[in-house]
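As written, the chain order gives the labels A, B, C and D, with residue 1 at the start of each chain.
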Amino acid sequence: MYDDLIGLDAGTEELFTDPDPDKAREFFHHKNRGLVNKVTTIEQAVSVHIKDGDYIAVGGFGHVRIPTALLYEIVRQKKRNLGMAGHTSIYDSDLLATAGCIDRCDISYVIGYEIRGLSASARRAFQSKEIRKTDWSNGALAWRFAAAAAGLSFVPSRHMLGTDTFKRSAAKTVTCPFTGKKFAALPALYPDVAIIHVHNADTFGNCQITEGILVSDAYLARAGKKVIVSCERLVPHEEIRANPQATTIPYWCVDAVVEVPYGSHPGNMPGEYWFDEDYFKMYLDAVKTEEGAQKVFNDYIYNVKGFGEYLEKIGGVKKMRDLRAIEKLIYMNKC
Amino acid sequence: MYDDLIGLDAGTEELFTDPDPDKAREFFHHKNRGLVNKVTTIEQAVSVHIKDGDYIAVGGFGHVRIPTALLYEIVRQKKRNLGMAGHTSIYDSDLLATAGCIDRCDISYVIGYEIRGLSASARRAFQSKEIRKTDWSNGALAWRFAAAAAGLSFVPSRHMLGTDTFKRSAAKTVTCPFTGKKFAALPALYPDVAIIHVHNADTFGNCQITEGILVSDAYLARAGKKVIVSCERLVPHEEIRANPQATTIPYWCVDAVVEVPYGSHPGNMPGEYWFDEDYFKMYLDAVKTEEGAQKVFNDYIYNVKGFGEYLEKIGGVKKMRDLRAIEKLIYMNKC
Amino acid sequence: MCADYNPLELLVCIGSRIIEDNSTVFVGTGVPMAATMLAQKSHCPNVIAIFEAGAVAPQMPGMPISVGDSRTSYKALIASSMNDVMEACQRGMVDYTFLGGAQIDMYGNLNSTMLGGEYQEPKVRLPGSGGANDLASLCWKTNVITPMDKRRFVEKVDFITTPGYLNGKGAREAAGLPPGTGPYKVITNLCILGYDDETCRMRVESLHPGVTFEQVQENCGFELLKADNLEITPPPTGEELRILREEVDPEGYIIGR
Amino acid sequence: MCADYNPLELLVCIGSRIIEDNSTVFVGTGVPMAATMLAQKSHCPNVIAIFEAGAVAPQMPGMPISVGDSRTSYKALIASSMNDVMEACQRGMVDYTFLGGAQIDMYGNLNSTMLGGEYQEPKVRLPGSGGANDLASLCWKTNVITPMDKRRFVEKVDFITTPGYLNGKGAREAAGLPPGTGPYKVITNLCILGYDDETCRMRVESLHPGVTFEQVQENCGFELLKADNLEITPPPTGEELRILREEVDPEGYIIGR
């Protein structure tokens, strides 16, 4: 039983991105280093920088500090045949899979909503052959981004071995030249476009994530050939320079900056606003049927002009004020 | 010419530390995870945690944010046969080499004092066979610490190849299983003891480096089997918890904490005090001869009772106030 | 007082007792999180909870909904990255992890990826590994908390998402996983299970009050071993249940009240 | 105005002119730092200076003494780690670096490790690579700034600390270094040198005012090539010298005034 897994030297599934560090270097060689104004609109950021067929990766933690406004715009612009890193992925991959934007996915976590259960529409999408799948672990994708950020084509690691997760990955193995020990070898993941939501950015794209965890975003921002950042607020350049230790993403990684207050709703934005549990409940109920999914996408994405109108729809500033109060523990009596 | 270097598959020199990640794991398995008070004295920190023969690594940048008080104590306690990572190393390796504490060194930068020139005593020491040498680059040692911090035995990298630096290292090569490309393979470096100076620490050893650059200290603290931290000031535990993003070194890495105000003198402590250029000039002049070196070590280390007396000797609080003024640009009229 | 409790409360209370003070525990979503919070508020004030998105040892003001949300880094000791905490696991700094899964076999292998059908077109697609494969590969001791029934405890899992002992003693090491790691306990609504040292097969170690070995075996899809000294699990105490209901999960996210 | 200047001032001024605005420049200690600061205060207000200890693009309030001191992160865009900035180089994000060395050969190979004797007991031990090997391996274009004399410009370096073109075209790639990288210019007190595309050998491209090719060759331990269009280097301008002396290095750390 399981004997075939224990000695396996390479996964059997597709590697969706090219790990060649020299091709990536050539791209980065010509990436603009100028301190230029990169502020643009949500519409332009998505239409200019994301092409059908691109492989994208999303910062944050699936429903925490996610670039919702950019995700909605990708859906609204009906991008097709995107590849995606399903890394710690929740509402982000659900949106893109349900809307038919992606046709391939490196999965470490999709469909699930942590303690809320599962998304039926994401499950339908990922059960279909329409999305080509390759499986990994969260650590594997985190390290694949780090390998790319370091300008490498692979890094060794010590997990996945012996399992179907390894078999259904595109990992290989490598022998340590010092100890003779066997390691998993993870291919560097250079996404075509990374989209990341942050607290503060300046107009050049220097970003500071001022509260909460970073997940793998420091690496992802460096791994991405292009990076689109949405931010809760633009801050003066001088504010970045006043605290350079807090800069998570340097401007030279970034191609476009959009200012989107509440841009992570219905997700949690650490220090700013808590999850909108009412919205998630409504959404997860709605997408149980295909018709329901169509309706909720129509109501909240296709038939609204942009993120501003969406925010009005979900309850506007009053709603966001309530979610801020929960986040800030202002109305909680148990802390 | 140089043909032998271009195809070289392995360096020829000695690997001073064991890169086996399972031996390191076994050590870390039994490392105390308790939130216990680790505050001790300089004397105790060095006598309890550093044994003759240990391999040590020093945080900071050779003359920036270095744990001078711990270094002086190592000299004063006449530790012998230490191994050392000569990574971005300046006053730190000079002290230990000149005093005869080390008998082997992974070198990336020693002897030099950047724009101040060289230390004659460090040069004498490193020219001698008494110190066994293996050469690397700064990046190589930085990545070797990162490999250890990640619990690996090696990482690939793309430098050193083709040079005598590679030949005189203990690096090997590895072929990428995805691209077939040749990389240098750097062995993980797990020091027996890392000594690091920080701005703020709590009594458990949670450390925040509040200004300036980190060099490789986040990795070094994780790579070190034992870690001794000196800090400018102890801060309440709650102050660490108030800003967990600023924690560079979590307590579980740390074995001992000593509070040493001005503990990096004559080095620069970012945000606190500038280099003591008078001291460095005096020191570098003195060590030109062996007699001069003996005298300056007697005067400032062997014949003073501890770091407090040393501070009085170099000018006390008034001197440190002057160095703070330079650091803070208070007397400078050109900024 | 013989408290009344539901199966989830039982799981959380029993799960919390395995945790030792001053140990490092990598915490997953749901029941494990509740168990860790309960432990912290009862016998383990200094348990170090680690969350895969990057937070360590928070003083959580309420039940997190996500292992990456802001409650996991509230007054934490360090709020860093997934890479950093996964590397701490790989370095050997993390003692325990608590996982779940749709299927588990006698060697503790877990499936949270798919049920039935072909890989590219499964009957049921599940979330995938998340951090589970990493944690079960790299932490020292892997615990599973899960309700017990024949659909879940199966002879052969459809997909090994997360390694248990694979196919027996020495298999993890042969595959390349770090030595000395592996499954430790399985906490169910019926019993606590461990693993036989020689065969690495699952074995019942403690029966919950009123449960017989035969009942357990009936609810399990493979043959169970029985520990020599089969114990009776002490039931949740009133104090455990009070803390769980009032302080850990007052909204009933996990325990469903 | 024909300004009076010393050889170090000449090196700094000429060196600063190679720098392009909006390019990324990895800056070493000493003359390269002064050249970068001069560039920033003259024709390259937005040059991005990167320092190996982890700082990027500071607004330096004075001449740093160290590439890791607090002036390098003063009002910087990011103050991170050596690992981060070295990885930026390895990823292909860094355009230029400026290095020095005790010896250099016709292929631009640099020695800063040792002179004479055996490796374990050299006649003269030097500091070693520092970041030089990393930068010359990983940045796109490597510049050297150094005074020129026969002891420094040698047929064969005693130790290749830092790769130039090794032994000619294709050798870097054969060794495994990233393609498209390598030596670019050598700035000396006598001339500016580049490299012949075919042979990868050093070639004089511009003579400083009053210097002949023969003089340059006399001060060099190997045979130099000569560019077809040998130029005359414009001397430092009064404005360059003023900025250098008054704003960049008023204490004379580098230019020795």
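The rule we apply is simple: contacts are C-beta pairs under 8 Å (C-beta built on N, C-alpha and C of every residue); 3 or more make two chains touch, one makes a residue touch a chain.
As the structure is a computational prediction, the values presented were derived from the model and not from experiment.
Think of each touching pair as a link: the shortest run of links from chain B to chain C has 1 of them. Two chain pairs, B-D and A-D, are compared here, and B-D has more C-beta pairs in contact (counted per touch definition above). Rounded to whole angstrom units, the spacing between the C-alpha centres of chain A and chain C is 27. For the pair chain A and chain D, the distance between mean C-alpha positions equals 40 Å. For the pair chain C and chain D, the distance between mean C-alpha positions equals 57 Å. Multi-chain contact residues of chain D, defined as those touching 2 or more other chains: 55, 73, 79-80, 89-90, 138, 178.
Those residues of chain B in touch with two or more other chains are numbered 21-22, 151-152, 157-158, 173, 181, 183, 211-212, 245.
Taken together, the touching pairs give a contact graph of some other shape, not a line, ring, star or complete one.
By the contact rule set out at the top, the touching chain pairs are A-B, A-C, A-D, B-C, B-D. Residues 10, 15, 19-22, 151-158, 172-174, 176-179, 181, 183, 185, 187, 209-212, 245-246 of chain B touch chain A in their complex. Chain contact summary for the complex, chain C toward chain B: residues 22-24, 46, 48, 55-56, 58-59, 73, 75-80, 87-93, 95, 138, 140, 178-180. Those residues of chain B lying in contact with chain D across their complex are 1-3, 5-7, 13, 60-64, 86, 88, 90, 107-112, 114-116, 118, 123, 126-129, 132-133, 135-140, 142-143, 146, 157-165, 168, 173, 181-184, 211-219, 268, 270-271, 274-275, 277, 327, 329, 332, 334-335. Those residues of chain B whose C-beta lies close enough to touch chain C in the complex are 21-22, 24-29, 31-35, 148-152, 206, 222, 240-242, 244-245, 247, 250-252. On chain C, the positions that touch chain A within their shared complex are 29-30, 51-55, 61-62, 65-70, 72-73, 79-83, 86, 89-90, 109, 113, 119-134, 137-138, 156, 159-163, 166-167, 171-172, 174-178, 247, 250, 253-254.
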